[in-house]
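Multiple structures are listed underneath, in structure tokens.
Both of the next two complexes hold subunit A, though its partner changes from subunit B to subunit C.
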Partner chain A sequence: MLNELAQKINAAVAGANATVHNAPDAKSDSSVYVEASKIHAVAAFLKSSGSMNVLQAISGVDYVDYMEVVYIFAKFDFEKPSQLLLKVKLTDRVSPNVDTICDLYPAANFQERECFDMFGVKFNKHPDHRRILCPDDWEGFPLRKDYMAQKVYNGMTVYPEGKMNMADREFIVRQKMIKGAQEAASSDASEGKVQ
Partner chain B sequence: MMNKWDIDGLAEKPTINADTEKLKSDLLTLNMGPQHPATHGVLRVEIKTDSEIVAHAIPHLGYLHRCMEKHCEALDYRGIIPFVDRLDYLASMNMEWGYVMAVEKMLGTEVPRRAELLRILTCELQRIASHLMAFGTYALDLGAFSPFLYAFDEREKILRLFEEISGARLLYNYIWIGGVWNDWTDSQIDRVKEFLDAFEPQTQMYHELVSMNKIFVQRTANVGVLSIQDCFDYGATGPVLRGSGYKWDLRKNAPYSLYSEFDFDVPVGTGEMGVVGDCWNRYIVRMKEVKESIKIIRQVMDKLEPGSVMGKVPKVIKLPEGEVYVRSECPRGELGIHLISKGGKEPYRLKVKSPCFTHTSMLPLMAPGQMVADFVATIGSIDIVLGEVDR
Partner chain C sequence: MQDGIVLTTVDDFLNWGRKNSLWPMTFGLACCAIEMMATGAAKYDLERFGCGAFMATPRRADMMIVAGTVTLKMATRVKMLYEQMAEPKYVISMGSCANKGGPYWQHGYHVLKGVDEVVPVDVYVPGCPPRPESLIEGVMTLQKKIANERLLRDKWVKHA
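For the complex of A and B:
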């Protein structure tokens, strides 16, 4: 079914380059990848063709080397209910950005704001591009894998030393080691042992 | 619209006419919440009012934000269940079930029949408890105090039962991966039966007390109207979508677990009072759903047979690489769990699609043109729980 949908998308939207990522077995779901620059056209096609009438959620995933934005669509249809995981890959991790689909699916308004809040993905032309769950002046994007919470926020200690999340810290240390920053890594690790 | 209840045309709302147009003044910014009894928790809505009429409403979320999705990335699959409990703390059983189904799908676990039936039993009881809460607090929002006490009395009986089976009143950690934590004894099942026998006539009283009450109808009919297209655009589900007249219920349209074996109706708003999709219809859908849940529970009790309540699950749960998106019907709408695993004991990413979050995003759509008091009725009718909105 997804192959058929991908073909339709490719036929309707030039350069969408829709490819199906097939799940190996029934235990997991398949998804469709499209080009990030064409997401608005693809969403417009999904809406106008009636393939998917509801946008359920927009989520992000941080794979450290790149990021993904996952658009979860559903079809509320009595005969053939279906759902779709539509993904775009964002290779620019410093300032990831993708076009908004707010004008097509108003549900995207809050969902995109949440994705920006949690992953720092910028949604171009979004009408109300603000953080939604964290305070407006919060630093960093919490659901990124290399996130470290700020220690002080507006004069309040929000992340005391003794309560560091060691798993996150170790992860960052690992990342630094991969990048060859041995010195920084060893100092962080020794800090970690004291805790 | 005439109907048998609306003899004096009470459900009709006065429209804004030329006289009220003259009264327009500068906009006044009013903060409703975060500590406000009608916002059902810590929701802050910034409303711009023109005298008594709301021009814009901007919801400000995040006062209860715990970033549970981040916490889950450092927890094993069993350890996540108590965290999922705390999303919608008025319907924890349903939250657990949604999450557990996602893990079970990836694990390929067979859940014993008795466990599935007990899950349906507890989740439908939880649905009743949750809708009773919605009913009680909604009447309270609109100024009627006593329905709240009636509803809480009945709800407490359900919570006592849950306390007996799981050890906790609100946050149960009862539905586990592969089954349920503990079996119900026969005497506990009998108590459910007793409860239902006593409770069913009560629902009729609620209708007489509140649903058909003239003041209540005046406050809720023709207020906060949502069309089906609005609901699709904003992704509304559950009683909000059904209140607008779309007969969509996952338990019926995409049955999971054993729901296909059960005989029940999906109530939708029919516009008995006012128009389809208004606050009254959303409210009455919930009240009718309580009846359907009672129907389901009675059928479960007939089907129950002795057996195991826990399937075969490895001691350490490691999921294969892959992802699932699993939806389930919760009292407030569709809960979606998007679970990504890269192998190993912890999820790589867990995204919760929360129905309340979606419904909160509809407030700016419904608010303009309403009276402030009607806006309170609108917030109550979508029945949000901030634990789920903010996660």
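For the complex of A and C:
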């Protein structure tokens, strides 16, 4: 079914380059990759052709080297319901951006805002491009792999040392594993904060 | 005479009135708020102890029950609500999250590690969430604390 859909997408949208990634085992789901620049056209095709009429979720994945945005579409149909995992790969991890599909699927509005809030993916032409969960003046994107929480927010200490178990092994290991966090960890250690 | 019989008696009378009409603020943050509602409802009936009148504004409330997870985003608002309350005012920190950060204690970047970082807390109620009996015990602990206060003496007698 996914192969047929990918062929249809390729026929309808030039340059979409839809490829099917089959699930390696029964526990996983198969997905369809398309070019990030063509996502709006692909979504428009899925909607207009009636092959997918509902957008269920948009989420992001940080693979350290690149980012992915995952769209979960569904077809609500009593005869033959189906679901589609549509993925786009964003190679620019510093400032990832992709076109919005808000004008086609209104459900995408909050989902894209959440993806921006957590991963920093910019959705071009989004009508209301703000953070949705974190405060507006929050720094960084919490679900990125290299995320380090800011030390102070609005006069409040995020990790007060008297209350945290700063010597917790897991805590230190996690912080050290994070790319780019090693300088911060070593400066903390030199100040005697982390043993 | 530092602690006169008149002032003590008047203080006792005022304290009796204050402790038996503690009006909490209608203010819930997370699942602890459900237990707080249960405490206020018919089965556990907080009204027995004079504090069932949940006020819809901080200006009429004597007590704030911080029931739930205080995120950093919400902490600013909690502080503002506390500052809007009229003196004398009291804070009960209800549940593990408000006490110390709860399950978000070690890795939660978004949660304030205890509401006592932003407002002074009178009574901590442990539990996740605390049962209504626990909250009632917290309220009664606060009542005992109020009963031993000496507002008039502190205000009028020098070097009390």
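To be clear about the criterion, the second predicted complex is superposed on the first by the 160 of 195 C-alpha atoms of A that agree within 3 Å, B and C clash if a C-alpha of one lies under 4 Å from a C-alpha of the other, contacts with A are read in each partner's own complex, and residues count from 1 in each chain.
One rule holds in what follows: a residue touches a chain if its C-beta (ideal position, glycine included) is under 8 Å from a C-beta of that chain, and two chains touch if they have at least 3 such contacts.
Predicted, not measured: the structure shown is a model, and the values here were computed from it.
Legend: residue contacts after superposition of the two complexes on their common chain; A:V158 is shown touching subunit C, with no touch to subunit B.
Of the two partner chains placed by superposition, A:A6 touches none, neither subunit B nor subunit C. By the document's definition of touching, both partners, subunit B and subunit C, reach A:P142.
Touching more residues of subunit A than its counterpart among subunit B and subunit C is B.
Contacts of A:C134 after superposition on the shared chain: both subunit B and subunit C are touched.
Once the two complexes are overlaid on the shared chain, A:P24 sits against subunit B while remaining clear of subunit C. Contacts of A:I101 after superposition on the shared chain: neither subunit B nor subunit C is touched. Shared-chain residue A:M67: touches no atom of subunit B or subunit C. The contact surfaces that subunit B and subunit C form on subunit A in the two complexes overlap at residues 134-135, 142, 147, 165, 168. Looking at the complex, you find that subunit C touches subunit A at residues 72-73, 75-76, 100-101, 105-107, 109-110, 112-114, 117-118.
The residues of subunit A lying in touch with subunit B in their complex are 23-24, 27-29, 31, 53-57, 59, 61-62, 70, 72, 74, 76, 78, 81, 83, 85, 105-107, 109-110, 114, 118, 131-135, 142-143, 147, 165, 167-168.
Of all residues in subunit A, those touching subunit C in their complex are 134-135, 142, 147, 149, 153-154, 156-160, 163-165, 168, 170-171, 174. Residues 61-62, 65, 67, 69-70, 74, 105-108, 232-235, 241, 246-248, 253-254, 320, 322-325, 327, 334, 336, 338, 340, 348-349, 351, 353, 357-358, 360-361, 365, 390-391 of subunit B touch subunit A in their complex.
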